[in-house]
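The two complexes that follow have chain A in common; it is paired with chain B in the first and with chain C in the second.
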Partner chain A sequence: MILFIALLRLSFLKTFQYRGYVFINLMSTCIQVFVQISLWLALFTANSVVQETTLNDMINYLALTGLLALTKLEGPGQLLSQRIINGSIAIDLIRPYKLKSCLLSQSIGENLARFLLFVFPVYTVVLAVFGLQLPASPLHTLVFFHAVLNGVIISFYYFYLVGMLPFWLQSTWYVRFVNYAAFTLFGGAFVPIWFYPEVLVKISYFLPFRYVTYEAVTFYLGRTSLVAMMGVLATQLVWIGILAALEAFVWKAAQKKIMIFGG
Partner chain B sequence: MQISVENLTKVYKSYQRGNAFGEAVKSLFVRKPVYIHALKGISFNIERGELVGFLGPNGAGKSTTLKILTGILYPSGGKVSIMGFTPWKDRKKYVAKIGAVFGQKSQLLWDIPPVDAFYLNKAIYSIPEQVFKQTMDEMVELLEVGALIRKPTRQLSLGERMKCEFIMAMLHQPEIVFLDEPTIGLDVIAKDKIRQFILEMNKNGVTFILTTHDLSDIEHLAQRVIVVNHGERVFDNSLRTLRSRLGEKKIISVSTLNPLPALTLPGITITKQISAHNVELELDMAVCELNKFIALVNKSSTIRDLAVQEPQIETIIKELYQEE
Partner chain C sequence: MESSPEKNHDLRRVSKMGYFRLYLQFIKIRLTSILSYRGSFFAGVIAQMLSYGAGFFTTWLLVTAFNELNGWTPYEVLLLYGMNLLSYALAAFFFFNFAQDIEELVINGRLDGVLTKPVNPFFYLVCNGFNVAYFSHVTLALFTIIVSFKGLGIGLGPGMLLMFAVSILGAALIHAAAMIMTSVTGFWMLRISFADLLYWNLRDFINYPLSIYNKIVQIILTFILPYALISFYPSQLFLGKEDYLFHPALTYATFPVGLCLFLLAYRFWQYGIDRYQGTGS
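So, the complex of A and B:
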């Protein structure tokens, strides 16, 4: 636990060390948000309500998805695959710690710093201008955060599982693109899934991506009833179970066939 | 006995890939497995407090051996017992008691000063505050790195970084330390400092096992040498024994006042004829004694200068590597 906190602190502080990185990221978040808002503004000037969605709904969707973007825990898996590829996993194996929790605490620290530096200020301005919708009740808020937390765990296991691919595949740079595409399309990262054609919506139910942030956001915006949300929470738990079991199994198999690259 | 290794084997499976277009396409569907026997049954024992050098050409299996001993790799067969542990089975408990420095892989954190990384190790190994402070101060002083442990690691030179790597690997006072090419790429001064540090720690009872291509590492450090080649142990004894394998040979360089005659006596091999007055040769003293040789040359040509040297350890190693 001490180690967990020490690592979290270190990676949190590390982010503050690079001024250029901070400013460029802050700018790019601003531009990204500006483009998205302009796009929806243009679309909504033609019709003020599209498929039961108002401009304010859309801005709130966009802001919430943006605020929750960093709950998608891509870090541990990414760090793991880097360590496998450059061979530094050897160093992890000769030290008495749990690699998974170390990588986890590092990413949490980093994401926390990034959230405070780039994400939170930008979306606070956006929501201050356009108005933040509030959940229906305290219970709704609680359920929302529960769904977010489940989403964090799902994304962690998903990316960690994918991060182990370099044990078997020699090059994995394309995996990131596949992930990005999958989350954009089936996780509703840019356009809400409710606008999609029937087929895509159906497919999205069989994949873990929509359970990471999308379901939590739609619930927050009142598009999912409390009863239906219980089903979503259950499905999230099922996904956590499946991914965690797979992760354990694959890690076990990987240890036996570990090859350290680079001498 | 601290370390016992018995009949250790490791087979890597890889796939053959062609470089012609047709073969490359074919390998997408059908791949032919290739088995590489990296270790073919290596055995040795190491006692507490020994300083053992592992030598061998590239790809001989020394890194594989070291990785199995540190619990990183699973072997294909054989038994290893180190302080009562089987490294790959009791990995977490075992690695708490060992240290390792890999010359080509850093344990320090790139963006963070070494001292913060030291504190991280304090947490990882749960080192008590008092012990931690004392060990750190002691090592910092020995390696003379006090001025730089607060700079970000990325700003340190290779030599400075390497010294910090040693501290990182030894803060938890391991009983055994594995070093994989610890002096690679370092200048003479840094090498010397690190060697002194290793010897100092060894005096305190720490067992060291090091692999290196730098034979002067071995000459300065190791009392015992294990040579590995083609996945097998080809030599395991003291450095002096390794030397004497060449027989009682000396390298002699001699210059004379009068031109030298043709030296075609048994036991003499000319290695370099510099001029008519100056020659370098190898003398096998088992065949031709040194005083006889000197008397002979002096009589025929009058010696002006003469130097007798031990044969270079490189020569011996080269011979060992070439043996099948």
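So, the complex of A and C:
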């Protein structure tokens, strides 16, 4: 445990070191947010309420989705991919530490630093200007954070599974494009799913993507009742179970595969 | 190539025909290398189409839900997307790797090797960086453009079609100029990815009509970083819109501005490489 906290701290501090990186990322977040807000402002000039959504709802949706963007834990999977490709996985397997936990704490530290440096400041300003909506009760807040945490775990397992693809595939640079498409279409990363046609909404229920951040955000905005949210939390747990089992299975298979090649 | 003794005198001067043949050779090598990794090439093509397609599709859905975006209908916004992507892809065919790889070449010292070759280094790097993967972007963009014109019921006559091609060419030159200019920072080892990141985000601006932004952004994107000339202004020529903001003549400005910027960028690159000192590696 102490080891993992030390790793977390180090990767946190490392991210702080790159001033240029921080500056450019801050700029880039600002531009993204500016474009998005201009878009929503323009869309809401003609009508003030569209599909029970107001401008303030949308700005809150945008800000919350932005704030939660880094709870999508892509890091461990990406780091794993790199280690498989450059071969250092062979050493990782014989060293006396849990690789998964190491990669996990490393990316949590990095995401935490990125959140504090260039996500939190930008969206705080946005919400200060447009007004933050508050959850209905302390219980709602608690449920919201529970849903967020479940989302973190789902995303971790999902990306970790995907991160194991290099064991079998020659090149995987394109996989992140598929992930991007999946989260855009079925995860509400850009346009809320409630604006979608019926068919797409139905499909989204059978995929894990909407359970990462979208469900938590819609609940926060009061679009899901507390009772319905219990169903969502249960579904999240089912996804965690499925993905964790898959991960364990694939990891086993991968270890066999790697031994065939002689490591 | 067959060369007379006089030509061999100055190896740096490869004839225009020679350059063309050399270029074809480079492309041939690239295509051969793709054929040996067919699976991952096609997987990549599909993945990139999906990712851009998802962006197009959600934007289209959104504008449809609201009926219009500042007087622009869903198909009109889609056309902006399509023109932006098509011109970007045409530029990226030649200049994406060129811009992306330069820092690496500087750091590991391979750029010094390029400078000793008997061809124009700019030309050599462009050829060597030819990126066939943009085939997927071009296909998707053309598809999007056709869908938007069909959806709007607009048929372009031969004159307009020519004008469209010229505008796209001009827009591609603007994209190319931006890629070349950001690559120059690689000579100074300023971490090209930074410049790149900014460049990518700037592209986001022009997926929507320029008129949704405030005046300062409109001025910047029209006169200082003329990204709005890529899709916003020229598209109005074909859509019959009059959302000109500054001056109607801007709808025709894409090609001349693109050409000037490209030449300027080329000059800037030459300036950069003339002052390049090497890293001693």
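In this text, the second predicted complex is superposed on the first by the 258 of 263 C-alpha atoms of A that agree within 3 Å, B and C clash if a C-alpha of one lies under 4 Å from a C-alpha of the other, contacts with A are read in each partner's own complex, and residues count from 1 in each chain.
Everything that follows uses one rule, which is that contacts are C-beta pairs under 8 Å (C-beta built on N, C-alpha and C of every residue); 3 or more make two chains touch, one makes a residue touch a chain.
Just so it is clear, the structure is predicted and the values come from calculations on it, not from any experiment.
By the touch criterion defined above, A:195 reaches chain C but does not reach chain B. Contacts of A:97 after superposition on the shared chain: chain B is touched, whereas chain C is not. Once the two complexes are overlaid on the shared chain, A:41 sits against chain C while remaining clear of chain B. Once the two complexes are laid over each other on the shared chain, residue contacts for A:250 go to neither chain B nor chain C. By the touch criterion stated above, A:87 is placed in contact with chain B alone, chain C being left untouched. Of the two partner chains placed by superposition, only chain B is touched by A:6; chain C is not. When both complexes are overlaid on chain A, the residue A:171 reaches chain C alone and has no touch with chain B. Legend: residue contacts after superposition of the two complexes on their common chain; A:237 is shown touching neither chain B nor chain C. Counting the residues of chain A touched by each of chain B and chain C gives the higher count for C. When the shared chain is aligned, chain C comes close enough to touch A:24, but chain B does not.
Residues of chain A that lie in the contact sets of both chain B and chain C are absent, per the superposition on chain A. Of all the residues in chain A, the ones that touch chain C in their complex are 20-21, 24-25, 27-28, 31-32, 34-35, 38-39, 41-47, 50-51, 169-171, 173-175, 177-178, 180-182, 184-185, 190-191, 195-197. Per the touch definition, chain C reaches chain A in the complex via residues 37, 39-40, 43-44, 46-48, 50-51, 53-55, 57-59, 61-63, 65-70, 190-191, 194, 197-198, 200-202, 204-205, 208-209, 211-214, 217.
Those residues of chain B that touch chain A in the complex are listed here as 12, 63, 67, 70-74, 91-93, 95-96, 98, 100, 102, 104-107, 109, 111-112, 116, 119-120, 123-126, 152. The residues of chain A lying in touch with chain B in their complex are 2-3, 6-7, 10, 14, 17, 87-88, 90-91, 93-97, 255-256, 258-260, 262-263.
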